[in-house]
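I have placed the structure first, in the form of structure tokens, so that the comments after it can refer back to it.
Each chain gets a letter, A, B, C and D, in the order it is written, and its residues are counted from 1.
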Amino acid sequence: MRLTARQLRTLLPALSLVVLLAAIFYLQPRAMSYVGFNLMLNLAIPIALATVAQMCVITVNDLDLSIGTYVGFVACVGATLLSGGMGALPVVKELQASGALPATLPWIMQTPLVGVVALAFGIAVYAALGALIHWRNLPSIVVTLGMSFVWLGLSVLILPVPGGQAPAFLRSLMTLKPAYVPFPIIAAIVIAILANLLLMHTSYGAVLRGAGGNPKAIERAGWSLLKVKITMFALAGFFGMLAGLSLVGLTTSGDANIALRYTLLSIAGVILGGGEFVGGRISPVGAVIGAVTLTLAGSFLSFMRISPDWQIGAQGAILIIVLAARTLIDRAERRR
Amino acid sequence: MNSSFLRNLAGRPWLWAYVAAIAVWLVIVAFTGGRGGGEVLTAAFTFATFSVIVGIGQMYVVTLGPGNVDLSIPATITLAGAVATKVMDTQNGMILTGLLIALACGVAVGIVNYALIWLLRIPPIIATLSSSFLVQSVAIAYGRGIRIKPPPALADFTTAQVLGMPVLAICVIALAAFMELVLRRTLYGRWVTAIGQNIRAARLAGVDVGRTRFYAYVMSAVFAGLCGYLLSGFSGGSSLSMGEEYLLTSIALVVIGGSSVAGGNSNVPGLWGAALFLFLVVTMLNTYGFGAGLRYLATGLIIIAVIVAASARRPAR
Amino acid sequence: DTKDKKIALSNNYAGNSWRQAMLRSWDKVTKPAVEAGIVAAADPFTTAENQVTEQAAQIQNLVLQGYNAIVLNAASPDALNGAVKEACDAGVIVVSFDGIVTEPCAWRIAVDFKQMGKDEVLYLKDKIPAGGNVLEIRGLAGVFVDDEISKGIHEGVAENPQFKIVGSVHGDWDQAKAQAAVAGILPSLPDDIVAVVTQGGDGYGAAQAFKAAGRKMPTIIMGNRQDELAWWKEQKDANGYETMSVSIAPGVSTLAFWVAQQILDGKDVPKDLVVPFLRIDQANLEKNLETTEKGGVANVEYSAEDAQKVVDAAKK
Amino acid sequence: MTGPSPFIRLEDVRKSFGAVRALQGVDLSCSAGECIGLVGHNGAGKSTLMNLLAGVFGAEGRMTIDGEDVADRHTVASAQAQGIRCVFQELSLCPNLTVAENARVMHRALKGFGWRKRAGALIVAKLDQVFPGHGIGASDIVGDLPIARRQMVEIARAFTVTDAPARLVILDEPTSSLDAHQAGQLLAYVRRFVAEGGAVVLISHLLGEILEAADRVVVMKDGRVVAERLASDFTRSSLVAAMGTVAREEAEERAVVSGRRGGEAPTRVRARAAAGGVDLVAHRGEIVGLAGLGGQGQSEMLIRIFDAARRSVSGITVEGGSALVAGDRQTDGVFPLWSIAENITITSLNRLKRGILIDSGKTDAMAEDWKARIGIRTPDIHNPILSLSGGNQQKALFARALGSTAETVLMDDPMRGVDIGTKQEVYGMIRAEAERGRTFLWYTTEMDELKHCDHVYVFRDQRIVADLSRAELTEERVLHASFEEVA
């Protein structure tokens, strides 16, 4: 059976992942173990979730420059409100210390429900952004650029200094040690399947992607583009929330600046996974693979032991090599 | 005639950046009770100058269409600053050599960027991000983070003022006017805008797509190099972090200034409005004593408010 | 005996002169140590971007590579705890310095940043007994060090109410950024600013901004950068300008190295060590300026014996 | 007026876009079991009228469906529920989705478990009915299909039925990207559909199609209906007359000026043949046709020749520059943010400068000149290009190429959506330019247009399989060469 160019292109992200893994195992055979996978990949889970969130927005031809700070916001909420209610906020603790608030707080100030409300607020804001962008026909880049400051501001207000404590259930979820298969691998597969089901298999998923391919056609077929945008942005908010929660489960505490890098990482992950910026062409499985590849690239570099001057540059080089390999295979295939 | 003039003005998306800048300035002056308004403007022009220089290059790149953006601007600023100050080694006689070398750094980075985009077909966002890591490494290896003073004459030039107006700002206003002319009235400008709207149609209309994009990426990097050179003259030497803030700023200028991020529709005047606006917002929040958290929050909300206000006035399509 | 032990340096940021000096000190001290066979390896690692997540991944990779100890300048005091705990569980010694971590299993070589901020005010109290208006330049928002220094400054001011902080801006420990922030807020501040309290890497920028605005030059506390010291020297020679300069010495990375080596050697080392910050005063300005590399940061490096002394002092 | 009990009635509908009054009081009715042919010049208001019927936008006036006044609450969704379907003039498929998924987008009923299979079966069955031998799979990505197949998918989709019936299907220039064979298949299906009690509105600038398929013909002009008769009451020329175009068809038959063909005239374009094919050669002043079924490599050849004028392309030489008139104007031609003038002048800017700056006096003059010469219907050349009707946009693209200095003009099925009056004018222009020495390479799917060519290359499977001189040119021979080995 001969592969078509399109099939090969879909397989490419997986292929580059395999090559990278092989290189890692060659450099560091110890990585090829249960513990090895755990250590190399557990931080890929939040990145994969953030990448899926970014992908939802890219599907409808928008870009989310705020996903990194939003994930940071969720992490801060997770480390404070979600674990100890308002009583876990540094401001409240300070007020208690100064005697302005009693040492034992009323029930309402200790319930983690406030955290749930704050997370729901995050998703609602995302949905509202989708609506705003559609109504006013705004460039998403500017709106989300503005939002990146908003989320950062809220995070700094919640946690002026890094700290807090992740809720126990997140901590134990993220440190699960199932038999045989390391947790990060299971999680990555679950995320990929879930996102794929949602966007590629449901019938409304076709409409959602279609809105990226030809919005006018979707409108002429009687669908509401407003609803589509709201859905996609809310989904982004949802996956971004999962990213933040899984991240705080791993780091155990929050930090406003914790995930600034996720914005670019998530965009790179989507593209690495075979998605495109416009036209609704996306691949959820590819996006997850892209996120995992990016994470492993870091391990690979660290195993290479390059001079510190060039360590930063090497990260650039590896991104280039992975993407260039894709182009070269692509081109060789087309010539065949 | 009068009403059509007004309509014409309202149809210009860049107007809103200026309206917002003036509004913020008034709020600042209100705090001080009218004192120091001029000085605030002087400071705003001083620092907006550097953002506008890189904003122009970024704008040309963004105009090329969806997905086109230059993320290597900060690293290029840093590299050009480091190399230029080291080569000039505080000697006035080397000022011109330093400038040429800073610009050459830009040319080199631009060529690398476009090679990645064109030869290896890497999406510009990722190509310029990757190359920025490489460039940053070169800057570290070359300069080792050592801060060398600029030649005194360069420092004097970059900090000179006439009647409260920074000389550098005047030069960059002229530069901006020139680049607006290039965008609107030259073949090259038309080609950039054509590509941004429909790259395939541009090719079939006879536009030299490859070369046009190449020049845009090189231009962006060259402006970044120029910015690094002037900035290290202005702030007493180069540092490894001197470019960091220009990543978000350069993009924010383009979009707040009223250029379309979907490409094909841009303007230079908006860059100045947006640059002044952004500086004044930070100043306003500092003046009113906002903490970091509230300051970020307010900055974000103000940006969104400006863009929503501007959109309401834009024609439906 | 540690001759087959491997030590790694995990660093989250290399983008300023302080960090570059820190890396150079590391090199300067650990290379001979490796050659002399004291340890088998002492490799430095830096992340591409100043990010908690990236550093957490880096620590996990270092564990995987079989390092026996990790010397850590952390991006966040709490958010790396997960990764640090994992390293400890794998039997790796973690020694944090400068940016320390709160995870109990790790060692901490701390500088009392709060005290550093307070000392700035105490200096001003002696120099300007009458007090007056003060401008504060802070570092990077949301970062532990920034908060600590600022807290110290505010505590100092609270105890000395003759001083009043009339403005506070974030300069992100960067000369250019500090300059822009100060230039923006200056016009709205009263004319009689007597002092500027800083965090390091921002004093020169502040001076430039005051000069550009044509304001009377206040007492600007410096942060040991060579350009700051040089400017101070220039002013001192021209008009007798007086101030002080304080910061953490980048060479503290070498102290952390020796501490890690001693722990690996089986020595009993307390979990919390404190090092003094490096302070420069009017009297020893010239001497320090001489020994500071042009464009670098005033520095002190540590030998094995110095480290031993710090450890012994802490045990008492 | 005609036929039994119309189920849709439009009375005195009006629609304005700003200052443009696209519809100025139109009456139209539509009955089961009839095919209405709708004709009129570019910008007459045909597409606007159909968009109203399909619920894309509202208008003033009365609109009744099954006797019920729906004027105020007629939306896309309600139109669909009433069984009104529309194949829009501009492509309305999502290129990133598969054929089956595009069917799903149209039908809300296609959901739940197994929807993909059902959608695929539905659309493929309809394609089999309308375009037997179409060669399209349900899981093909639409963007990968050539434009003719995309149009086939869109047409078939409009006829598919799930929960709501298909009572009226509007086809707005459905054959513009189809070749003669596929167009024939469609028209045959339209007749069957109508015979089974469906209604169709067919818009086309190919009057032959209208006269062949329609029962009744409605002629529009400047936003009004100016004639309405049974198709059998029209002849080709009476129809042309009703549209208000001066019939200049006699010009078409004019003899070819001698000396234009080949021989001594210098060679302008030479493209070496793909293995087993014929070389493509075009001389100064020649009009060369590229024929064959749609998507056999004609467009690709034109684009390769276009590129060869700018940089070296192996096997192709071009002298004197080339310009291209795109047929797929959405993806290949129009700059949507620009004015009409900017769109026309982009290729000629080098000549329109003073110093290094573009001279707006000169660009306006060129645009005005071409607006007049080719009859672009607009009050102001500084209006956005998208304010033009489809056919008028196409004219702007013609102006762009003809206005350039290129010696060779490549035309990629350029008459899509151009009305008959304009076509005649453009044919005349092409002939005149050829006489002045310009060379034309003309890909067309319309047999009638090949008659304007000095000789015709027939393409099959990316190769040239025949070179027919004007004398040899007949529909049979073209079809024969197009199918040869397949049959």
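By our rule, a residue touches a chain if its C-beta (ideal position, glycine included) is under 8 Å from a C-beta of that chain, and two chains touch if they have at least 3 such contacts.
Model, not experiment: these values are computed from the prediction.
Enquirer: Starting at chain C, how many touch steps does it take at minimum to reach chain D?
Expert: Step count on the best path from chain C to chain D: 2.
Enquirer: Which chain has its C-alpha centroid farthest away from the centroid of chain D?
Expert: Farthest from chain D by mean C-alpha position: C.
Enquirer: Return the distance between the CA-based centres of chain B and chain D, expressed in whole Å.
Expert: Measuring from centre to centre gives 45 Å for this pair.
Enquirer: For chain A versus chain B, what separation do you get between their C-alpha means, in angstrom?
Expert: Using C-alpha averages as centres, the distance is 29 Å.
Enquirer: Between chain A and chain C, what is the gap in Å from one C-alpha centre to the other?
Expert: 33
Enquirer: What are the residue numbers in chain B that touch two or more other chains?
Expert: Counting only residues that touch two or more other chains, chain B contributes 133, 136, 140, 260, 292-293, 296.
Enquirer: Quick one: which residues in chain D touch 2 or more of the other chains?
Expert: Not one residue in chain D touches at least two other chains.
Enquirer: Provide the list of chain C residues touching at least two other chains, using ranges where the numbers run on.
Expert: 14, 48, 141-142
Enquirer: What pairs of chains are touching here?
Expert: Pairwise, the chains that meet the contact rule are A-B, A-C, A-D, B-C, B-D.
Enquirer: For chain B, which residues count as touching chain D in their complex?
Expert: 181, 185-187, 190, 193-194, 197-198, 200-202, 204-208, 260, 264-265, 317
Enquirer: So in the complex, the part of chain B that touches chain A is made up of which residues?
Expert: Touching chain A from chain B are residues 66-67, 71, 116, 120-123, 125-127, 129-138, 140-141, 248, 251-252, 255-256, 260-262, 291-304, 307-308, 311-312.
Enquirer: With touch defined as at the start, can you tell me which chain D residues reach chain B in the complex?
Expert: 303, 306, 310, 323-324, 326, 331-338, 342, 346-347, 349-350, 353, 356-358, 384, 386, 400, 404
Enquirer: Quick one: in the complex, what on chain C touches chain B?
Expert: 14-17, 19-21, 24, 48, 138, 141-142, 167-170, 172, 174-177, 179-181, 183-188, 204-205, 208, 212-213, 225-227, 230, 293-296
Enquirer: Once bound in the complex, which stretches of chain B touch chain C?
Expert: Interface residues on the chain B side: 28, 31-32, 35-40, 43-44, 46-47, 133, 136, 140, 144-149, 159, 231, 234-237, 239-242, 244-245, 279-280, 282-283, 286-287, 289, 292-293, 296.
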